[in-house]
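Here come two complexes built around subunit A, the first alongside subunit B, the second alongside subunit C.
== the complex of A and B ==
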């Protein structure tokens, strides 16, 4: 979760993404992200990565193996206590689910960001409309369901049980879109008055999920 | 002012209770601010060349400058402020107030003397100590707040108590004051440093009462007793009882009654209780302060659009502020009133309860940390003592 508790990221890497995978009991490892980034930069793209932690660990161990040159590098990162409260995310039936090419979503967010800091997402049976208004004027992008037979990654699929209209901060969405490189498609799930779920599906049933709290009009 | 050493005790015994963060993390929240304390701090701090700011006719404008720009900063960060002014002080405070008055008088004398003989630095130091918030200052600020569209309320007695009641009732998210006794008045959350200048780059401290009580292993009643023992505005502290002995006394005996009993019957006569020590009255003031209940019609607050022309007339024509800056500030006030608010995830996702095992391990870790700190401090002391003990010239 970010400092101001507006957005939350959750990434699930299933056991089948690893080979081998062994975990004797559930264990939580608190890792400082910038430290992890530093160490991951020491790896090369084709390296085999092994993650290891003992029972009641002080460190997590990362090993990078380069298969062709027998190079072996090994790093330990000190663990930290994460004192933040852990939020439980309830299973939600969303009123609207939209899947589209991740590049399309990225483009919409970037384009609208130029005009305003927030975007209204309206999903109706006709399609989904992303609109915003700012000091210089206003803008809107509308998408409809669309099937591309040759390239199913370019499909736009809207399924809807009731119309939804919500407003979100574009600053956060643009940051979410940085995950576009990980997956060709993105799924947006919305229900009125509930945080937005932005999901990037990864290989072997794994996923990267972002949740974003909506902006609400004042109650007074 | 406030409770002696309470911040330190909380920091040592309940480190989880204090969170530091940036002001922008509190966007979208309503906060009740102790106005009297803020005005005082503006009069002390908002200065140029050591002199209070004045308009052409020599009236002080430091308080207005502070109130206007610091409120603007709060609003700019999406927080809805609400100011609470002090009413008449409770009778018990008269002792404390008399002391403050005496200190002021002394400072005024020293100020005069410094003007004659002292350096510029001394003059400035004593002039800061002579600062007093007058009725005019309060009225100026009330007028300014009305023009800015920011609500305020005058508490029947202590402003902190009123802030606390509003926070407890959920009318506002937190009480903002520098005064630690806001916690004794049962404010669930206390924000410190909210009205500080941006340039000081002080992080906002958020102190949560339930975590303080958990960390100290006390109930609210014991906590109040502890605060009285530490020294509050209402009764004098017991001589020679410092923070660590106060904590120990309350932990050992549970209530102030038992502590008093113990002190009186202690064969070693380590402490003497002051003759006039109405601790029960002080406790009563903390438990049942004279405040407006939160459902009182006066506690129905609205944030309105600023009166731009009124602001210009008051601040620019009467008080000599720069018109451009006032107008652009008013535009910002207007804009912040309109924009839709970002909500938070906590409103939708509930925190998962920590399992007992996790709580235990957390507690153990905290204790370990504390031990380590203590050890470190001891070592440092020892080293210092050793360095001192060495005769000069041999090192």
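== the complex of A and C ==
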């Protein structure tokens, strides 16, 4: 969760993503993100990463192997107690699910960000409309279902059980869009009165999910 | 003063050789003393009560020149370290002092060597009867005998007599000193000398009412006469100018108007008008002063300082008048503080402050208060212009410290927090999250 507790990140890396993968029992490792970032910066693109933790650990061990030069670097990151609540996120049936190229979503957010701090997302059977209004004026982007036969990644798919209209903070969305590099498509799931789910699907059933609470009250 | 020099040893009554049981005398350093020209064989060193402190002090009496006190002139710190008294041409023997009765041993002859010297020249020429070798004096200080009015010695007894008896008894000179002086003081014995006695009586007569009682005259202190006498003394002292340090400290400094970046606007008085005002007090009264704080522009300030201050300060003759008055008062207070007892000085001060004072110091007082006010205003305006930047020392030292401590802590906290935060998180802090519910409102706690 972020500091204001209005957004939540959840990333799932399935066991298939690892080779080998071994986990004897469930264990939670509290890692300071900026520490993790510092250590990860020590890795190179094609390095093989091994994550290790003992039973009742106080450090997590990262090993970077550079196969072509037989370089091996090893780091320990001290663990921290995360006394944050572990929220259980139920699988929800969303009223509207939109999947689109992640670059398209990134562009919309970036463009609208220039006008306003928040965006209203309206999903109807005609399409989905991202609109905002700010000091200098207002703007809107509307997407319709679209199928690109040659390049299925560019498909825009809207499935809707009932119309939804919600407002979100663009700054958070722009931050979510930084994950665009991880996946070519992004899935937005909306229901009234429920956080927006932004999901980037990763290889082998893994995913990166962002949740963002809608703005209620000053909807226009 | 005199060009005569006598190295009269201070331990006069004792000859160090003859009194070896007197340890201090051996160690007593030889002192160099400048005696008056009138010093003769009848001159004496004597111990008298100091007129102000009534401590036993050394004085020099010579029948021709009167009573002298010794003023010690300290040697300059670095310049002259000691005196060399060398053999030289003869001069008239003087300065025999009280020790002349003792048998001159070789050393004493040496000590009594009479020499002639131009002040400031270290080499002294010795009398022929002195030993033919030179003599060094370790301490470079020099004591100079300067004339002192015998009146001052008569005043304490005179004053105590009159103040003790409210009616004010008339007393003869003998009674006066008999009752007043304790045995170690030698004035009583000196009074046996006619010359001194006449001098004392003459001086006493100048400040006293007197009555004839048979062949003797009886005296009673008259304060008004005394004040007149003191004022005359002070006049004499100030007329030829005060010593430079006194002038600088008590006269020039006191009359200095504050030089500040204030514009004094004399609204009703032109320069011509000021000149025609006869009394200094009048010019003060009419002065309308407004203080105008100048802007922060420095050149502007200095311009006004240069132009306005000389224009509107009191005219020269008025200033001179103030100066003379202040000089007179400085001289008076010097005399009172150095030669009068405290009680007497207060009594005289009251007379001087009253309307019956022979000199009217009121305009001076008014001028000084006016200057004081100007100074205070200048100070106030200075601190006013700085008020935004300066804190008063008194209350804030601790507070400032506490504040600094707090700030340091806060900064530390911030730094620590910043170190744990990424840029993205910091930026998200600025996001407006009003109307957004917390995640925990949507998602329940995960069952453990």
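Before moving on, here are some points about what is shown:
Rule of thumb we're sticking to: the second predicted complex is superposed on the first by the 217 of 220 C-alpha atoms of A that agree within 3 Å, B and C clash if a C-alpha of one lies under 4 Å from a C-alpha of the other, contacts with A are read in each partner's own complex, and residues count from 1 in each chain.
Simple rule for what comes next: contacts are C-beta pairs under 8 Å (C-beta built on N, C-alpha and C of every residue); 3 or more make two chains touch, one makes a residue touch a chain.
Note that the coordinates shown come from a computational prediction; the quantities given were computed from them, not determined experimentally.
Taken together in the superposed arrangement on subunit A, subunit B and subunit C clash. Look at A:37: by the touch rule set out above, it reaches subunit C but stays clear of subunit B. Looking at the shared chain after the overlay, A:175 reaches subunit C, while subunit B stays out of its contact range. Look at A:144: by the touch rule set out above, it reaches neither subunit B nor subunit C. When the two complexes are overlaid on their common chain A, residue A:6 makes contact with subunit B and with subunit C alike. Of the two partner chains, subunit B is the only one that A:81 touches; subunit C does not reach it.
In the superposition on chain A, A:22 makes contact with neither subunit B nor subunit C.
Legend: residue contacts after superposition of the two complexes on their common chain; A:125 is shown touching neither subunit B nor subunit C.
Once the two structures sit on top of each other via chain A, subunit C runs into subunit B at 350-358, and not at any other stretch of 62-70, 98-106 or 350-358. Put simply, subunit A uses residues 1, 3-8, 85-90, 169, 194-195, 211, 213-218 to touch subunit B in one complex and subunit C in the other.
Against subunit A, the residues of subunit B that register as touching in their complex are 16, 21-22, 24-25, 27, 302-303, 340-352, 354, 362, 365. Residues 1, 3-8, 81, 83, 85-90, 118, 167, 169, 194-195, 211, 213-218, 220 of subunit A touch subunit B in their complex. The part of subunit A that touches subunit C in the complex is made up of residues 1-8, 32-34, 37, 85-90, 117, 169, 171-172, 175, 178, 194-195, 211, 213-218.
Across the interface of their complex, subunit A is touched by residues 419-422, 424-425, 427-429, 431-447 of subunit C.
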